[in-house]
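Per-chain numbering from 1; labels A, B, C and D assigned in written order.
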């Protein structure tokens, strides 16, 4: 299907359920997609950071995008990450996710290599020049260790390179510069500014964001859809209350003992534990080399779910 | 062939010559290998950072390792990088480089994902558990944004996970802790501590390093071999003079205008320009999205070569 | 006067006008205070980062706080920064700003030294134990290179150490955790959560902030007061429009050529140029070693003022 | 006295003994100076990072420099840190340490403020223009969060601004560029390149450093003097053995539990505990807000001393 321009609403970065052996658990993935579609989300984003794209092999990535695209069957747009270090490698991912039916690709700045704004611009132009589907920039400094400036994003929006931005930088002021710039600048139409935050979706929508890509929407899609609708209706007090409920729920990402594991193990482990406890997926395993949550940590995830009325 | 334990001497991270279209230039790659073997190096390291591994597609990586292994034909050990974000993806690279005949694999800490020392240890143990050839840790914080502590490296050396370390961290004091620790600690034998620096190889060898993996050795293998031999002979004054000559030559990596390009474009661009000017490779192109050196910048590379007596 | 609990509204970090020789320009400082008071602000914050506290000698700092306190004469609360590296040095600053009549002190985490959350907590407890006036934490990672966690701030609020937070971290999600935590947690009353951002004041107030400390309010106090009042009235559309006007005005901080100067020279230089162009201060000089704006750069500040209707 | 040009040899950054109440313990300071002078060191550096300059009030700083200068009475040069955020504040420190008799001042790049190479150059030129004694640059990125480039240091050496460099950056390759550049470049004479490392003094001297400023020399001045003399004699094998003994001794800086304290508390705490255990100072207290070592941690310092033959 053609990507809406702009893409709006709630676009969960879909978790990738795994078997205890580390293979993609296809039935659970289908169940998760159903859970999200039923929850009312507006599009799906596979192979993002919350999908553990960094941990999936190429054949697993292919399987995920094929499985989800086939199952969704055009009911919703499906965006796919093409997460890799530089242009030639990203283009390989673009090729197969597009072949598998993705409606857009989501691409970060180069990483591992020591890069430069001029090279980042070149990277996006080269990718867009070869991609049959729209390209959405993924600004995620915590992973790639460079920040996309608003100026660069707007330049690439104005010349048609970028169809949107997923901003996971945590820098709301910079995001606002993109949102207002995309509105004001000649030549930009249909650009979609999406926040990657779980915690300030109401703020982002209030300042003009088109939508949100919250990892926590895997766990509570209805909550984020409700939040989105309240914001669109201008009911800011109710929106704030819903956002605060979701912020409390997000506390689950801190259950993992940081002396024993990193933020990814704790956060993605909590999302998967929550999906498991809610009966959506069959196994809470995360990909290697992440450290699994302990039994006690999973119990604490359950308490977060219960407190949010989700168990 | 079996990797020497410890591996010692000069191990250039082999540049990957490309055609103007961005394909691997196999004849130039063969010429470069001949240039290095003739120069007297002790082993070859393909698919490292100086090889633009981050920019090569998987099929290009396969082609490189197959080409080099076949051409070297057992005369020297060939180490191959398996550079990717996490364990499952690294294991895919390990599989094909080993199948192609690599004698060891070189593996970084996880990147892109937010990692943790416990996860890094797990990563190396999982990779080593599945790798038919020795695993060498690659400490390169500028790329992966975490530093391998000496304590962690020594723990993984003592339990047989790691056969060596390539230290590109620039932290000579930390490297020294590995070198002296590997000598002192029970259970560590044959461990190879290699510096990734171009500029303090004499210092590293003086404090007990087994060898060096200098990118600049692509341009002047004889120089680094000479330096290595002088250090082993304890002729520190002559070693220092040779090292200083190589430091001046290394100045070529700064020719690129940093308002126009990043450190990788400038540094790798200079190495390739030098190889081109010396007649070793047919085309100085670097991989996308790196920015090419200008004509004037290439001329300045030539002046560095001339000053070092290499043109 | 007693600091309101919580302190609310617009609290400009007052610029420090200097003579061409680098001395405090007292008449201009008085004029600036009048400009701010007339503009309707709710309190004044002297000796903050926008005041160039890092550049003022101790005698200049003393002069500033005495001058402003005497001139305000109890009409508004006056907060004073006690910006220094560690506890003993901070306590020296606390002593004289309190003696000079400051109603509260604003204190960062330790810097220069390599610190730790336990030491930061200890620092604030020691300072609060010796300060006769309330202590407000100043979270400014760009300067001190550590971030105050919401958990730490709330712990120090709950035990009475901290009376408020000025959050210049740019991390709105973390700020929200303080705001909602301060509301929810037993034992916290009268705590003032202030955003240090110029660009998302509306967002911060919408999620429950008590006020804002925007450097740009030096230039346009009426604008920020209007924004604050619109937010308190729940007129979010008008607030957003006002905020966007101020965001455009903030563009002035980028006029300085970054090949020639740093962000501080450019940003504080622009604020002072704007105050000079508006006739509030007599000289736009910034403190050494900052680089002055060029004539052309000052002209561009003027264009920003004109576009915002301020010239 | 006039600073030797170049200053060479072992220059300990003198710890500042404190009473349990946090005041400068003058008798212990005198004892420490005697311990160092007797140990054969070549100069003293007071008010550096190892001196807890960041924790001392201005009156304590004054007391330290006066005390040490008077006690040394011209037997050795005394360098004094003038550690503060920007030019005007640094100049205040320069004034009193020079008045107290310091033979040179040691000055970092600006910190807390967001700086720029052009501003750093300006800073040093302004300080040198007003300092009656030579200015030595202090490159300590871990504290000031910028790195002095070799190019900048050499430019400031060539125009007479800088008399030397204390390099605590850990970047030996960058330090080498200063050492060789200072030798080669026209107009530079008498420039002193000093390494701030404890762990690679032999490497630094081998590549041409003039001397070292090792914090650990407080604990074992004889060891560093011996190391320096062995290096100057070209006895590199014995030098390496001595350096390795000192590296093992340096392990004491890691005794502090990092869940409870930062690197400064642990490292400076260990130095002071060692001086206390060796009977040089009366009390091992560090300045606030640093966390004291536990009894068990102090015992482990003692084991390091015993293993190094110092107890």
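To be clear about the criterion, a residue touches a chain if its C-beta (ideal position, glycine included) is under 8 Å from a C-beta of that chain, and two chains touch if they have at least 3 such contacts.
Here the structure is a predicted model, which is why all the values come from computation and not from measurement.
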- Query: Through what angle, between 0 and 180°, must subunit B be rotated so its C-alpha atoms fit those of subunit C, rounded to a multiple of 5?
  - Reply: 180
- Query: What chain lies farthest away from subunit C once each centre is taken as the mean of the Cα atoms?
  - Reply: B
- Query: Counting in whole Å, what is the centre-to-centre distance of subunit A and subunit D, each centre being its mean C-alpha position?
  - Reply: 49
- Item | Geometric centre distance via CA averages, subunit D-subunit C, whole Å | 35
- Task: Once you've mapped the touching chain pairs, tell me: line, ring, star, complete or other?
- Result: ring
- Task: Write out all the pairs of touching chains, ordered by chain label.
- Result: A-B, A-C, B-D, C-D
- Item | Parts of subunit C lying in touch with subunit A, wherever the complex brings them together | 170-173, 176-177, 180, 197-200, 202-203, 206-208, 234, 236, 240, 243-244, 247
- Task: Would you pull the subunit A residues touching subunit B in the complex into a rising list?
- Result: 22, 49, 54-58, 60, 83, 85-89, 91-92, 110-116, 118-120, 122-123, 126, 142-145, 258, 260-265, 287-291
